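Chain IDs A, B and C follow the sequence of writing; residue 1 opens each chain.
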Amino acid sequence: MFFIDQLIHALNPYLVFFCILGTVLGLLWGSMPGISTTMSMVLLIGLSTQMSQDVAIMFLLGVYTASVFGGSITAVLINIPGTPAAVPTMIEGHPLAQRGEGGLALGTALVASFLGNWVGILILVVFIPLILLIALQFRSWEMFLLALWGIAICGTLTSGEAPIKGWISGWLGLLIAFVGLDNIYGVPRFTFGSVLLEDGISYIPVIIGFFGLTEVLWVLPQKEPSAIPEKVGRVIPPFSMLWRYARSSVRSGIIGTVIGAIPGAGGNIAAFVAYDVGKRRASPEEREKFGKGSYEGIVCGEVANNACIGGTILPTLTLGIPGSPPAAAFMAALELKHVIMGPTINIENPGLVYFIYGALIVANFLMYVFGLLLVKPAVKLYSLPRTLLMPIIIPICILGAYAVRLSMFDVYVMLASGFVGYALRSLGLPLAPMVLAVILGSLADENLRRALITFENKPFWYFLTSPIGTLLMIVSVFTFYDGIFRRGRKGKKT
Amino acid sequence: MSKQESHEHPKIIIPESSDLTRRSFIRTLGVAGAAAVAPMVFTSRKADAAKWPARPITGVVMYAAGGGTDTVIRTLCGEMARTTGWPVNVINRPGSVGGVATRYVLNKAADGYTWLGAGNYNKFVRPMGYTDSAAWVDWQHFAAAASLASWSVRPDSPFKTFNDVVAAAKKKSGKLTISTSGVGSIWHEVGATVADAAGIELRFVPYKGGKPATVAGLQGEVDIAGGGVHEHVEFLRAGKLRNLMHTGPKDLDIPGYGKAYNIANFIPALKALLPMGGMYSIALRRETPVDVLNKIKPVWTAAAKSEAFGKIATRKYFQIDVRVGEAADRRAAQLECLSAATLLKLQKHIGKKVRGPKELGLPEPKDFDAWWPPKGYKPRI
Amino acid sequence: MVSSNDDDRKTHPPADEPEDTAASNLLSGEGGDVVTPGRDLAMATLVGVVAILAIILGLLMPNPENNIFTAPGFMPILTGLSLLAMSIGLGFGALKRGGGSELNLSPGELLGRYFADYENQWALVLMGLVVVYVVLLDWVTFIVTIPLMIGGFRLGFSSFEAVTIPMLAIALRIFWPKSFTQCLIVSAISTLVLAAAFRYGFRIPLPGSG
């Protein structure tokens, strides 16, 4: 069987070594406040450029899986979320740590993350063949609509009460994506006569700038929160806890995966939504505990943010549309390894999808083992001041941007993106939609124009003959309607 | 952490001593400057042919990663690196049918450290006006292999043979759609040449490469899938496409599929032009020291004939076609001459001013044999 | 350079972050600054200008097939038009919420307000430092290689290290409360480790020359 072969391949000691490397880096970086999952992925793209395809996959999935859990370590013990996705864990976990139950809280988070990964992997395994089956129905017109809707929904989801800001961010990203020679006629667009710009703006330095440099510029000048970690005690992974919260676990897992699969919405939204739903669905006595240290709350958040990983990988592999910023980084790394993502992924890269399942499974076990081992060192590392760690990120950003194409131009693109990201953040615009649009912009453009060529000489209602296209149109219209009239009004009230 | 949160925090940890006004910032800069200048011992970066390669070589592929050119160049560069230990990094600079990569390499020193990973002897860039450098005047190409064009349809298509396409296209001229790997690309050119010879007009729909063009045919977005045999063959074997014709010199027997007929079966007039398709080569600036070029020549030839490359070539139906020195120069000139003439004829499809053979200082294709070697031509190796 | 604002802040009582703040920060994505209607208005204006520019440039793009649907400028124009609509929407919203009042401030005052923020000052210093760093990396290129006897291994020292060590030391010195020597040591160690990881560990050339 293909899958068993690939799983055995993923268990190759050499590959496992790199996965361990990724897991450890991910755990430590994820637990470091200021270095989010996205940032750790983004900074490591550069390192992965010279790895072989399977090594890079094992390495990056190790980083991805572990950094999501890593965020909860500091969240529980120091009351600062290592990654934004760990906020629910922080809300519930820190009060527990103050009561001396830190070990149990972290253990719950670890077990929940472990379970979350399994939910994500299972849903991935079940849905990839289904999506690939209909993925061939995604032609130019459907791809255009999907990209458009992806950017719009990402804007809605990341900008809270003012979706219009998310859309503006996305639309500005589209304009950036158009820079360069157009894909169809080779006509220069927005290049202002510069040969360098004709090459277009590669999204990898943009991601590195947005999620690496911007973060440093944002966080470094801030006052450093001084905090004393709570005592950990022994980390006890209580599997019985999961049994007690089985319903919440499964529910949160599904919420996490589905949100992950929606373009642009990542682990933080997954964790928050699952937490919120969990709070409302909890039994009255458990609901009382929410906010003061509820294990169920931790389970909801952690299952969801890890289940999200499987979810975000789903559209990345089957449609070439990343489900979240870390998935965009993963996609960038795969692209550098000449993996062609999209409906033909199984034909182009036989066995790759199975290998990715295998890698996720290996990474999940490693996260569990090293999660237990590394809690204490991770807390120690946190006692290193942020003002010491953050400046070192700057050369890593530069090396990462340079390594991809060995181009100083990309370093300047990274630099400019870092500054633009800082400016947008100051103005309250979310960055994720812009990144997604930079990735999807030329795809949307090319597919729209090509779709219109294929609509030539056909009756004008021809574009309604595709069921998926029509569905996507309805969904897109609803997203805009919802953003303008419903959320907009809600925003005004508050 | 948001900025808003930090407003609520009471203390500013950044120490007083880091206040720039209180710091002798200039002294700091001075230290920095000294540290930067002290170790500046420059190694000679001039071409030293005897010691070549003293540092990593960069191969600049002119098409996107994952495509035919990219696969071939990466395999060959990997094979060369394996046998000689030369460090070769391959990067991609796609855009303007190779114009972007061409200009990139032209801007680098002619020291043998930057190679152009070229498709089709870079024959499109001059007619399209992206550069003025000519393949046999400013470059030395080392060619390894060639690919073949293919037209295929879905199994449920009404077209059983190439002749069905011709009949249908004559009925509704310009309405049948065929996918290409981009405007002015190799599959566009071959497709247009075939259509022209068959006396039909097709609507060419551009995709980002041969692979997406193939998938478009598979999805039924276009009536005919254009592309290369190497891009269609997996789908032919899987029974998802039916081949109508290819541009090989002979009919192909594809295991698991059956016989694929070449275009000469349907249009005998094209027989003389076969094989038509993509060519894969590396090119160095012609001023590169002859010693360096001579070092590359045997290594390249060996790589092209290596087992590793042979395997890929067999699987993908590439024809091994090693040309170096004058053979490569002649082929480059001939192909550019043919393409310039074809592109000029197809100018209205290209949508851009095309430079014809005359403008490029080339003869008409039929006069090529008499014209070569041109005045002032000297083989470099 | 440090304004008296810091003193204001020091008087704020330490406040534990309430749950709701954390939640709403999460929902707003990366967590933004306090956004006033005035800023929204300024942003709307800026975005509007960008949109109009995009439309103009899109209209000027050549159109090889003389077919609006396949024209290279088609999407830029569409994007520009919808962006313009969004900026108008945002602008009106901001005006309704009283964004106009902040228009009375002169640009000087607005900039003054911006620079009065302690964090903004340091962010700008940091940005300047990064720009200088990257430009130096771009301009200074050299590599010294020392061949070792073992297996043709070449020990390298390039412009990357030469530029990074002092620049990183400066950045550390500004934000990390330790002496310059300590900063220089940390900077040198981390730079050399980083360079070694890329150059020898992963065989990735460094900016400059390798």
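Criterion: a contact is a pair of C-beta atoms (placed from the backbone, for glycine too) under 8 Å apart; a residue touches a chain by one contact, two chains touch by 3 or more.
These figures come from a predicted structure and were not determined experimentally.
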{"item": "Topology of the chain contact graph, where touching chains are joined (line, ring, star, complete, other)", "value": "complete"}
{"item": "Distance-to-centre winner among chains (Cα means, whole assembly as reference)", "value": "A"}
{"item": "Centre-of-Cα separation between subunit C and subunit A, whole angstrom", "value": "21"}
{"item": "Cα-centroid distance, subunit B relative to subunit C, in whole angstrom", "value": "36"}
{"item": "Length of the line joining the C-alpha centres of subunit A and subunit B, rounded to whole Å", "value": "34"}
{"item": "For subunit C, residues contacting two or more additional chains", "value": "25, 30-33, 64, 118-119, 122, 175, 177, 203, 205"}
{"item": "For subunit A, residues contacting two or more additional chains", "value": "184-185, 218, 221-222, 387, 406, 453"}
{"item": "For subunit B, residues that touch 2 or more chains besides their own", "value": "1, 3, 6, 9, 11-14, 89, 183, 351-352"}
{"item": "Residue ranges of subunit B touching subunit C (in the complex, touch as defined)", "value": "1-15, 17-21, 28-29, 31-33, 35-36, 39-43, 45, 55-56, 87, 89, 183, 350-352"}
{"item": "Contacting residues of subunit A [partner subunit C, same complex]", "value": "46-47, 49-51, 84, 87, 90-91, 158-162, 164-168, 171-172, 174-175, 178, 182, 184-185, 187, 189-190, 213, 216-218, 220-222, 268-269, 271-272, 276, 291, 385, 387-388, 390-392, 394-396, 398-399, 402-403, 406, 408, 411-412, 415, 418-419, 422, 425-432, 444-445, 448-449, 452-453, 484, 488, 492"}
{"item": "Parts of subunit B lying in touch with subunit A, wherever the complex brings them together", "value": "1, 3, 6, 9, 11-14, 58, 65-66, 70-71, 74, 89, 91-93, 95-97, 99-100, 103, 128, 175, 177, 182-184, 203, 205-208, 211, 215-216, 218-222, 234-235, 238, 351-352"}
{"item": "Subunit A-touching residues of subunit C, taken from the complex the two chains share", "value": "19, 22-33, 35, 39-40, 43, 47, 50, 54, 57-58, 61-62, 64, 69-76, 79-80, 82-83, 86-87, 89-90, 93, 118-123, 126-127, 130-131, 133-134, 137-138, 164, 168, 171-172, 175-177, 186, 190-191, 194, 197-198, 202-207"}
{"item": "Interfacial residue positions of subunit A with respect to subunit B in the complex", "value": "33-34, 80, 136-140, 180-181, 183-186, 195, 198-200, 218-219, 221-226, 335-336, 338-340, 342-344, 347-348, 387, 405-407, 446, 450, 453-454, 456-457"}
